[in-house]
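Next come two complexes, and both contain chain A; in the first it sits with chain B, in the second with chain C.
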Partner chain A sequence: MAIYINASQAISPQLTFQQDKFLDEVKEYSTLMISVQPDFKDFFNIMELRRMSRIMKINNTTALESLKEAGIDNPGAINTGTGNGCIEDTEKFLNKMLDTNEGFLNPTTFIQSTHNTLGAQIALNKKCHNYNITYVQKTLSFEWALLDSIMLINEGEADNILVGGIDEITKENYELKKNLNLWKKEPFSNLELLNSTTNGTIPGEGAAFFVISSEKSENCYAKIEFLNFKHRINGFDDLSSFFNANLQANNLTIADIDLVLYGINGDVTEDKVYYELKDSVFKDVAGGYFKHLSGEFDTSSAFALWLASNILKNNQVPEIVKIDKKEVQPDRILIYNQDNNKNHSIIVLSKC
Partner chain B sequence: MNELIKNIKEQVIEQLNLEDLSPDEISETESLFGEGLGLDSIDALELMVLLEREYGIKVENPADGKEIFSSINSMAEFIEANRKK
Partner chain C sequence: MKVYVSGIGLISAIGRTIDENLISLREKKTGITKIEILKTIHSDKNVAGEIKLTNEELSKDLNTPEVNSYPRTTLLAIHAAKEAYKNAGLENDSNFRTGVIIGTTVGGMDRSEIYYKNPKENSDFIRTHHCGFITEKVAEYLNAFDMISTISTACSSGLNSMLLGARLIKNNMLDRVVVGGTDSLSRFTLNGFKTLMILDPEICAPFDKNRKGLNLGEGAGFLIIESERSLEKRGKDPICELSGYGNANDAFHQTASTEDGTGPYLSMEKALKVANLKPEDIDYINVHGTGTNNNDITEGIALKRLFKNNVPLFSSTKSFTGHTLGASGGIEAVFSVLSIKHDLIFPNINFSEPIEELGLIPVTEVLEGKGIRNVMTNSFGFGGNDSTLIFSKI
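After this line comes the complex of A and B, so read on.
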């Protein structure tokens, strides 16, 4: 069954939320890539906002505006994916536990430190009692949420589904992961990721939500052709086979792909596989990338889906997205992401 | 008592994230829950945490919270009578 994206909203480190222009202006960062936030008072009253942490505001605003865009009030399911969940509230709660020797613990931060608060808050706001799952599968969290949504539609369990990927970065989380050498040691411009010669990347965050449906609306952004992912790949030949087998299973060939969006993040070791693919399997296909716009985070593939769906709807590949500056007006886009040679995912979408 | 009321108002604003309210905008006699400030059951738990942390008072019976937290004045009276710090 065809799956259509009928609404697509993102709050990210770029000007992506409710903008007239499509990535016309690009923001430069050198360490943390923090989301550009709208005035949340335009979306919620003060009493609602006071209990929302930053990620909750980003999550709820993006999700509810997606439903509004699709003209759907009560989706058949709400599926969210997040790697870290409400990490800021988790940190507050755990730090308070230490500071007070396990006394005086605040209930609000405890309630909101759970990952499924994200999906639950949307459901509470819409009084939606339907299927509601939050997937926490590190860099495949969004892919699992999307897969579940596609299966629900294919099995006739729901007609319209709200699906999104959300993660936030905090200073504490940034410092912890810095010790694991995940980030660049020195400030590094997000606009220079393609020229990186060192390991580590730049952390980001954001929320991207979609309303997907078996019915194409007038507002349709794109059609999802297929999604697949694999935890481990044994070498480059195995990766090539993974691509070829998936394309073949969906009656497609490499020649049917007009643009590949790679998850290049500026870590020379991690990016090797993207360049190998680009120079072999996809050597004749235009290439683009997205993590210089979003930063690296567990659900960055949701941002990539927002980007790809907007490219197809707007008939335009922003210059900042192109790797090789090839002129292309794609009808079909393949998104490929991986995490340090694990969690390889492919999403293919086309014009609707 | 006036100093205590002022402190309670500031602590309530901080604890419940009512950053858009100033202490002067919170009435001493108005109900904190329902039609007054519009607080709810989670706020009641937050206020219990506040009492314990700031004044060393442990509310043993949660049902007492309804009376204690009915207004800023009732909170102040309860604190004045039971405070350990």
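After this line comes the complex of A and C, so read on.
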């Protein structure tokens, strides 16, 4: 069954939320890429905002605005994906507990530390009693939320589904992950990712929500042709076969793909596979990338889906997205992301 | 298409294996004791369903790499998943697609709270903190990688892993799925529930008029669920059918449930519909029954809404195991399968007087030979995430 994206909203480190222009201006960062926050008072009252951590603000705003954009008040399901969930509230409770040696603690941050606070708060806001799941499979978290949503539509369980990927980065989490050599050791411009010669990436964050439906609305962004992912793939040959088999299963060939968005993140070791693909399997296909805009995080593929759906709707590939200078007006986009040679994911979408 | 249960595995405060758990249940022997393994200042004032094995002991038994390099949730999950795999007599077969889906809330928190302030001592803990780590390691242990997923919907996480697994089989995306829930005790959750003031300092009393709250617990419960095709191919008889599942949201409050039990009612109603059963077809319900004031009254109201004056035989096993959070659905699903397998209903120990507004009396003695056909089990969580499963005799 065809699946349509009828609403697409993102809060990210770039000017992506309710902008007139499409990535016209690009923000430069050198370490943490923190999301550009709208004036949340436009969406919630002060009492409501006081209780929300940063991730809850970006989560609730993008989710509710997506529903508004689609004109859907009671979605048939709410599926969310997050790698790390509500880190800020988790850290607050954990720090207080450790600092006071399990002394008197405030329950609010504990209550809001659970991953499913993301999906639950949206349900609470809309009084939506329908299916509601939060997926937490690292860099496949958003893919699972999306796959579940597509299955629910195919099962006839729901017509319109709210699905999103959300993650936040905090200074403390950034520092802890430094020890794992995940980040660039020196400040590094996000606009230089393609010229990187070192290991490590730049961390980012954001929320991207979509309303996907069995029927296309006038506001339709794109059609999801398929989604597939695999935790482990052994070697480049298997990876090429993974692409070919998936395209073939969906009656497509490489020539049908007009643009590939690669999850290049500036880590020379991790990026090798993207360049290898670009020079072989997709050598005749225009290439683009997105993590210089969003930063690296577990649900960055949700940002990529926002980007791809907007490219198709606006009939325009922003210059900043292109790897090569090929002129392209894509009808069909393939998003490929992976995580340290694990969690390979493909999403293919086309014009609706 | 039908989905079958072909194997079960379990570790909880009342036993390290299926057999040990079954003995404790039959003997009405609780696993709720003084806290000894978890290092917390609250150990003398609280009881919990704690498994009296250290991480080192668990790790040694499983032969997992580097003692103490895996969080406790991961070790418990591998322990139970291994038993389930063996119980199902499953062997890797590249002709069949095998996946692993796990529900959890604690993730790697037990290690994070030890090393958080001393990252130099063991900087690796942050790599094992995310919930998905558990599933990666279980998949690695069983060499089952076709699909891996982790769900975190608070206390309904375990049941939701089974619901997803069943749907993946029905959608022809997997043939066999290792599904379950795992959670360990941690200072984070113990202190968290303490701030909510819903911990009973003594053994909890689910569905009792004078219930004072819940006891936390830990453990892991796993099922192997399988397609008909896969079972036929290997000539294996299943234990029972996973016939129904429902997921709904209460959409009322982050930590409390509605007075009219909307979420629980809807998840049970949906599960009946998927199973194509009527309320009167249910013979036993392993209720969520945490022993908190709020849960038991709203679950009871939802039961009466759905079953009217014919609420089936029911019991909560939380006074045996404690509330194991994301693992509770996993553990209680295994209990439900055992109920069908042995035609057995487990007692709700520590019950004395019914809640006045409900007048509902749980089963308090071991019942055998009731001719159990369909068993329902509930899990309700923070955020109003409610789920129900139904298992049926074949």
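Everything below uses one rule, namely that the second predicted complex is superposed on the first by the 352 of 352 C-alpha atoms of A that agree within 3 Å, B and C clash if a C-alpha of one lies under 4 Å from a C-alpha of the other, contacts with A are read in each partner's own complex, and residues count from 1 in each chain.
The rule is short, and it goes like this: a contact is a pair of C-beta atoms (placed from the backbone, for glycine too) under 8 Å apart; a residue touches a chain by one contact, two chains touch by 3 or more.
The model shown is predicted, which means the values in this text are computed figures rather than measured ones.
By the touch criterion defined above, A:Q112 reaches chain C but does not reach chain B. When the two complexes are overlaid on their common chain A, residue A:M47 makes contact with chain B while staying clear of chain C.
Once the two complexes are laid over each other on the shared chain, residue contacts for A:A249 go to neither chain B nor chain C. In the superposition on chain A, no contact is made by A:V268 with either chain B or chain C. The partner that reaches more residues of chain A, of the two candidates chain B and chain C, is C. Within chain A, the residues touching chain B in one complex and chain C in the other are 105-107, 111. Remark: chain A residues 78, 83-85, 93-95, 97-98, 101-102, 105-107, 110-117, 119-121, 123-124, 126-138, 140-141, 144, 148, 151, 154-155, 173, 176-177, 179-180, 230-232, 298 touch chain C in the complex.
Contacts from chain C toward chain A in the complex involve residues 40-42, 105, 107, 112-113, 116-117, 119-120, 123-124, 126-127, 129-133, 135-136, 139, 145, 147-154, 160, 164, 167-168, 170-171, 187-188, 191-192, 194-196, 247-255, 262-263, 266, 381-385. Those residues of chain B whose C-beta lies close enough to touch chain A in the complex are 15-20, 38, 42, 45-46, 49, 52-53. Residue ranges of chain A in contact with chain B, taken from their complex: 46-47, 50-51, 100, 103-108, 111.
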